[in-house]
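Shared between the two complexes below is chain A, which has chain B as its partner in the first and chain C in the second.
Right, the complex of A and B next:
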């Protein structure tokens, strides 16, 4: 297959898939049913395991659903009480929302800024160094979230982590600091982890776009006396608007639902209430407190937020190609 | 210093900083994994006492022999099942025009964005009702569903890239649709199928929240992603073991990832980056 980064080219004629609906015998009902026969197994799996659960999580959110209801299977409808409780809970306004939204904003900004900078740097390198840098960021990207998080926890470990030991060795602090108890240093570490894991995708995608910007345009601008800063903002950014849009939206979706990166940190699994975000809050209320109804309501809120972002994403995609 | 020399010096510094930032976690993981005295304080950049002790412990008493086997089984079943389902579905959406085709594609796109935290509660109840809690089967079924939307989305591009003329030539030679599928389409989308399979593998191998929830009590059925938890003690963590186990988990993912990374970017931004 192609070794470039773009999606496989659509074959000529594929714009009218009806041409390939099968051999010429169009009247045959088997031919008309064929797409549905092909889709049926996948649709069945998606319906039972993704769509029905989505309906159910909403139904749970309208109930006082605890261990008793799980065992008996009885419904215990309480209307919108769970939502009322969420919106009157100070935890939501002082801890969870700032942690979720504030973190997502910083993480998206950091990921996109670093990814773009790396892409620009890579575009200016020769083939050898570009390959070296490309391979290195691939390693950061491939690191599973679980092991990556544990490595960052180890780096910042309160007792023997290398950060504390280094800071002590050079005399910047007298005794080890526990970085995980303070909400801001806690999320600074999550931020570092998420940016480190997320920027390679941005860099690779934007690099592909950069290499597609016509050289003549850049040269013409240079002849006209535009500096590199000016060339970046006036030529590259407008040319890559679509790419930036996709990268920003996808990063936003991913950074809104960080879970393992928070949950696996010391205190992240609910014992440090200050560190909760929407996803972790939903999980610890459900599986820690057995308040599955309340947890479901939180999960529904998170889903609604993400679906809102997804709608923007889909519209951006639809502008670009016919599905 | 001339302007050019200064520019390349700046560039060299940037590259070095970038490489250091990018590679440090992986390097630190390896260095601690091979250090028999990792976690006892005063660690240096390179292992002070190079040994395979941590790996030996993790693979025997640590139980990772069992966890690796569990993960491999789960991943294998997930890969096979989702490859078959995704291939059939992607042929339908790429090659046929039928009612609700666009809504179907939108649904596949949107469903990928749903947070796992929202699915884990109802699926926990569902799996529990089926009596599959603490079994690998329950986990496999969930993973097939999780890797399916992205698989369909990606394979659709590969199927669409096969020239329709080839199919028509097969029909002219008297092939039925089934014969054409086997002898023309399937061999041509094989590279796409391999790429998609690698992603289902990575999904199943890395997944954490469902493994933790659905396997909660049955540590003999743990997958690698949650097997790590046991090295965390109340007061001390066995960092040497944790890093050795992390290395074992990470290596296969990295190998596969490098093989298919180009297609991953392609699948994620399908259509957004025009050639």
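Right, the complex of A and C next:
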């Protein structure tokens, strides 16, 4: 990609308009290297800030690395034993992965669906109401995850929460129910929390894309007799394919590694084993027990999985586009 | 600023002078002269509501004694463990730090702490330290944590309601059930006895009170006793308060100890196991409760006192300390004599020096004496092994209790699973 960048012509008096990417330039190594030279500072910073930590994490994942190794600074290589332990842990297959993957699928679908619906709504509003709705959803977005989680915990509190009181008042429930002890109700609450917190980003991003869809195409389709449902699926969705790809990839990454929203829920920090997800499980198993090597192995696997998901998305969503 | 502090500083110096004189063997300690040096110290935030002023006094006295400056940094309990680990990794540990009793063995095992047993012997303090804190501060027969302050959980109850119903402080398990039934009948809006499902320390008194053990060392091996008949008996009684007798609530299934404190302060709870540091917090949250609650040692199954975990903090010297003698001067200043006593009074904890604790024992305060009795006659400790931190991180005991309370598992199944998990973690390498 970078090779297509053309070095701008240096104006040399009257000769300048003549030379337009002639073969003369290719012979000059400095000109060819120039894009890389210009990128070098940024690449160096990225290598130091991103690549080296990644390499270190991978090296840690091959060691039994605990507090003792931190103090002494010695390496303690154990090969792939950490990975072996991860894959043979029954909790991973029966609880952690189903919770994480199932939750991520539902959360991404919910966030994108609600976000798109709100974006379509906002696109059809006048400037005043668009500002009002935009500000309202921005507040949901701006709320810190910790604060939001506590609000949901209060709403569903067993003894004094509004949900239990309402259900009892209308006679659907005889006595208080602790919604946090059941795996499915627990994740239903997390789902509400995460969708509520995540949809504004989707809505704003898709709204920006929606406003860029040429009005003429929509009018032409309307003249041809397409209803609003048809116009949405046949014109808007194909036009916004890249926007959807970005939004879905980002949401997937976020929802896969959701931590605070689970950890802070009653029982979510490990005492309710049925509610463990990948984030909390890896924290409890590694950092809680000073097993940094094991934690690094989980981090490496998570990175690989998310990279895989991203590649699949990018390929399917942008197949016809030029990459 | 300076002018306002001056009288206090004079007082503090005077106070220190007194203890220095009465100490006897302290005569040679004046040798430490560290003019121009600075001792860095980490202290947990929130134990003493007025710790800034307290440490201003300590700093004055410390500089007076040694010539060195004191640099105290306050650390939140919640981030403290992570901060210790990152500072150990980066080689930026303080010279001295407050370490929670369950962390001392862990950091000592990692080689981050310096042994202080010789200092203690030289001062002749060996016999004058609270035993439970010495046990948790000892790793591989070496003392790494200097006992500083201790707290213990006992049975806290609403004395106004007990009086109204003509009840006595419970002295056995049957008394607890009888009192609970009476409270439940007269005050159905209250929780007669709170059974929090995400709390570990309120569980062990019932295990020990029934004659069971959490875990015992057998040679090199640790064996959890949570699945013994006695332990199951105790845990069945404790969880039965919620599941059979309905003294607790559905919400309490996922409560932490802080939730118990909040609800007791709001007047929703009649009986609960709470720490010796909580009465001040309860009154601070709800002044109306002042004088309306009391404490009593946790009863064993058929009477007597059931042991309860003795918690608290050590002062530990890190192996990176530049001047160990100076660091020890500070530790001694904090953990013995005037300042130790003052800290205990201000924070509501008991001093880690046995002779000071004995003085506290003579108190007839209804919210001090029962805790002191519990501490001295019924102080227990969780297994002293660096691996126990991993058991706590995994919430092994909490998981068992929560599973029983929520109906996921029976007592037998939950305790068997917990014991198996403990054995696996504590004997893993």
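Rule of thumb we're sticking to: the second predicted complex is superposed on the first by the 251 of 323 C-alpha atoms of A that agree within 3 Å, B and C clash if a C-alpha of one lies under 4 Å from a C-alpha of the other, contacts with A are read in each partner's own complex, and residues count from 1 in each chain.
Keep in mind that, in the parts below, contacts are C-beta pairs under 8 Å (C-beta built on N, C-alpha and C of every residue); 3 or more make two chains touch, one makes a residue touch a chain.
Quick caveat: nothing in here was measured; it's all calculated off a predicted structure.
K.L.:
Going by the contact rule set out at the top, does A:229 touch chain B (first), chain C (second), both, or neither?
P.N.:
A:229 contacts neither chain B nor chain C.
K.L.:
Report the partner of chain A that touches more of its residues: chain B or chain C.
P.N.:
The partner that reaches more residues of chain A in the superposed model: B.
K.L.:
Going by the contact rule set out at the top, does A:70 touch chain B (first), chain C (second), both, or neither?
P.N.:
In the superposition, A:70 contacts both chain B and chain C.
K.L.:
Would you sort A:184 into first (chain B), second (chain C), both or neither based on which partner it touches?
P.N.:
A:184 sits against neither chain B nor chain C.
K.L.:
For A:56 in the superposed arrangement: first (chain B), second (chain C), both or neither?
P.N.:
first
K.L.:
With both complexes overlaid on chain A, does A:157 touch chain B (first), chain C (second), both or neither?
P.N.:
After superposing on A, A:157 lies in contact with both chain B and chain C.
K.L.:
Quick check on the superposed pair: does A:259 touch chain B, chain C, both, or neither? Answer first, second, both or neither.
P.N.:
In the superposed model, A:259 contacts chain B only, not chain C.
K.L.:
Find the residues of chain A that appear in the contact set with chain B and again in the contact set with chain C.
P.N.:
Common interface on chain A, chain B vs chain C: 70, 157, 159-160, 287.
K.L.:
Show which residues of chain C lie in contact with chain A when the two form their complex.
P.N.:
82, 85, 88-89, 106-107, 109-112, 197-198, 249-255, 389-390, 393-395, 398-399, 402-403, 406, 408, 425
K.L.:
For the complex, give me every residue of chain B touching chain A.
P.N.:
11, 14-15, 18-19, 21-23, 25-26, 28-29, 32, 39-43, 84-86, 88-89, 91-98, 101-102, 104-111, 113-126, 128-129, 141-142, 144-145, 148-149, 152, 157-158, 160-165, 167-168, 171, 175-177, 191-192, 202, 205-206, 208-209, 213, 225, 228, 236-237, 239, 242-243, 246, 249-250, 253-254, 257-258, 261-263, 265-275
K.L.:
Looking at the complex, which residues from chain A come into contact with chain C?
P.N.:
Of all residues in chain A, those touching chain C are 66-68, 70-72, 157-160, 175-178, 180-182, 266-267, 269-274, 284-285, 287-290.
K.L.:
Write out the stretch or stretches of chain A touching chain B in their complex.
P.N.:
On the chain A side, the touching residues are 1, 3-14, 16-24, 31, 34-36, 38-39, 41-43, 45-46, 48-54, 56-57, 60, 70, 73, 118, 121, 124-125, 129, 132-133, 135-148, 150-152, 154-155, 157, 159-160, 162, 165, 196, 200-201, 204-205, 208-209, 212, 242-243, 245-247, 250, 253, 256-257, 259-260, 263-264, 278-279, 282-283, 286-287, 292, 295-296, 299-300, 302-303, 306-307, 309-310, 313-314, 316-317, 320-321, 323.
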